[in-house]
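Below is one structure, written out as structure tokens, with a few remarks after it.
Naming follows writing order (A, B and C), and every chain is counted from residue 1.
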Amino acid sequence: MLFYSQLLEIVALSLEVSLVAVMLAALIGIPLGALLAIGRFPGRTALIVLVNALMGLPPVVVGLGLYLLLSRSGPLGILQLLYTPTAMIIAQTILVTPIIASFSHQIFADLHREYDEMLRAMRASRWQTILTLIREARHALITAILAGLGRALSEIGAVMIVGGNINHATRVMTTAIALETSKGNLRLAVSLGLILLALSFAINLALHFLRSRLERAAHA
Amino acid sequence: MPESNVLPLKPKDSQKAGAGFLISVDALGYRRGGRSLLDAVSFELGRDPGITVLLGPNGAGKSLLLRLIGGLIRPDSGTIRFSPDFRGPIGMVFQKPVLLRRSVRANLLHALAIARIPRRERTGILARLLVEADLTHCAESPARALSGGEQQRLAMARALVGDPVLLLLDEPTASLDPAATAAFEALVRKVAGEGARILLVTHDLHQARRIADDVLFLHKGRICEHTPAATFFRAPASGEADAYCKGTLLT
Amino acid sequence: MRLPALPAALFVLLLPLAALAGKNEIILQSTTSTQNSGLYEYLLPLLERDTGLRVKVVAVGTGQALKNARNCDGDVVLVHARDAEEKFVADEYGLKRNDVMYNDFILIGPEDDPAGVRGARDITEALQRIAAAKAPFASRGDDSGTHRKELRLWKAAGLDPGAAREGWYRETGSGMGATLNIAAGMGAYALTDRATWISFANKGGLAILHEGDPALFNQYGVIAVNPAHCPGMNIKGAETFITWLLSEKGQKAIASYRLKGQQLFFPNAHSALPGNGG
């Protein structure tokens, strides 16, 4: 049975892991998306196709690959990261980055088409161009981040393998749901699912309001 | 600024050429989809400040020519040369204003930042630009919520950032009311008086008559004539320009 | 919102590194039945009170647990597949194998028992009746201790339904709980350990149809990972854990764990092989 304090612990860890992962993925994915939209370098098209394909990466595969890396007998075993929240964050960052990068690429490509001549007429440097576009893209990027967060919060395959679903250490909402399902506690599993849904709903609602406030300010 | 086909002259070349021009456009050609949109376009804009009005029917290639001069697209043939002492930015106002999704003030501050104007000077310049474009009352409004005329005035104010020596203005008064148009013309005259060269596209012949020093007439991608304004409006040299002014030119 | 984000991320990333260094803590690679039955939640606080040792449990199938331990991703294994455990020790991945406790496997199935296994003399006959009736049977199919046991039982009955690819034999490829959920969903027979069954809450129309055959004996063993194979492992912690588990105190604690009034595990670290449990 799950107690209230345990539930809080699980919810808190879920949020921590997924939010940090999405933040890191945004820090990587947004500049990457901008680079793909604006940059001109060899292999760019291949990279775009790759990033889009990586969106469909099965979490279990990411979990397995990361397990092999982080396992104490693996190349990064010395870091002792397996079965820690850090490993789960890394796994989800890998899963979410392509989503955010791909969404951002689309967003930046559209904005770039719109602003390119204007910015070039102003003699904006490449760096100034990218900063301007990131600033202009801010509300649209919220959608990209939400998509990433959805994937992170609902994902189980990767966190189960690299986290190990260890009580009081790496148990998150999804792995707790799987565990309760395997115990046949279907009611409890569904309740946990509803809590996850409510959480995701609340986060979406909050970002929705943030987005519409930004939009009202910019009238885009 | 230097694009591959935009060749700044070496100092001694310019002395040889007499150094009489600010911009020299030579045999410019631009083709898209098998159509020749600009063909053998040649003209010079003098070094002396002044207002050149670019006239021509819809689809003549006026906007295209401005974008070529601004270095935003590359010609397929021909060259655009700038006098060797040409410096500073080129101010551009597009036919359709492209404004950032920010307030009027933020749009101008952004342009000031891009132009690398020192931070402490920005507030002063910003206030001056807002007054010149008569936008002080809506400085905090989202730029994209402005009326069409206000948007064009903001685009003009932005083009003035960095005190450009050359201004390329594509129908900047198309949606301005008479008072705003008059204010705009006064502003353009003032800028020209301060030493800038202005190339302005308009379909408003009265406006052209009021402010033009000389007139370039473009038709089907070719320059039909480049004459002083007084001559042009008395009797255009080309039949096309004559027909255009009378409203009987078929495109 | 943007400023503290990066330091916070770094903090979160570095936290576990700091926490792991020199902590009195082990990772236990375990079979799922011991976890799903709630045994660890009962046992581990007692252990921690006595020894100060914290145990992190990774619950997977026996095959997976042994594989993870082979990769040095655990300090101790607690599983239930004697031959695999002995091979693990023989291959020098683990130290000594110790008996800890036992319970038994049971054959469950739909109450109305379409294959009529209720009257069977022993498990062999029960399985033969299922095969003869081609009644649906849900197999773990995941190389777990229970799966290995089931395969041995079919073999003893002279059958090989997995190889025959018969439609009534379904390999779920999942844990015990998931397999029981599937059995409940489609009215199938299944082999399960008694602990998981008693603690399982979604019994649907399923009931115990055969039990008590000595062949259904289910022994759990505990092995410390070999520090010669995994130099970084916490051998001290592993020894503390095993010593406590096999001690009078640990064995009593196992015996005193009850769920729904029933004893789930029967300690046998010190006795010779007892008779049938449960």
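Assume contacts are C-beta pairs under 8 Å (C-beta built on N, C-alpha and C of every residue); 3 or more make two chains touch, one makes a residue touch a chain.
These figures come from a predicted structure and were not determined experimentally.
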Chain with minimal offset from the mean of all protein Cα atoms: A
Remotest chain, subunit A as reference, centres from CA atoms: B
Inter-centroid spacing, subunit C versus subunit A (mean Cα positions, whole Å): 34
Approximate Å spacing (C-alpha centroids) for the pair subunit B, subunit C: 80
Between subunit B and subunit A, distance of the C-alpha-averaged centres to the nearest whole Å: 46
Subunit B - residues contacting subunit A, complex: 1, 67, 70-72, 89-90, 92, 94, 98, 100-103, 110-111, 113-115, 142-145, 158, 161
Parts of subunit C lying in touch with subunit A, wherever the complex brings them together: 5-6, 8-9, 12-13, 15-17, 20, 27, 32, 35-36, 40-41, 56-59, 68, 70-73, 174-178, 180-181, 184, 199-203, 230, 232-233
Subunit C-touching residues of subunit A, taken from the complex the two chains share: 16, 20, 23-24, 27, 71-74, 77-86, 89, 164-167, 169, 179, 181-186
Subunit A residues touching subunit B - in the complex, by the definition given at the top: 114-115, 117-124, 128, 132, 135-136, 217-220
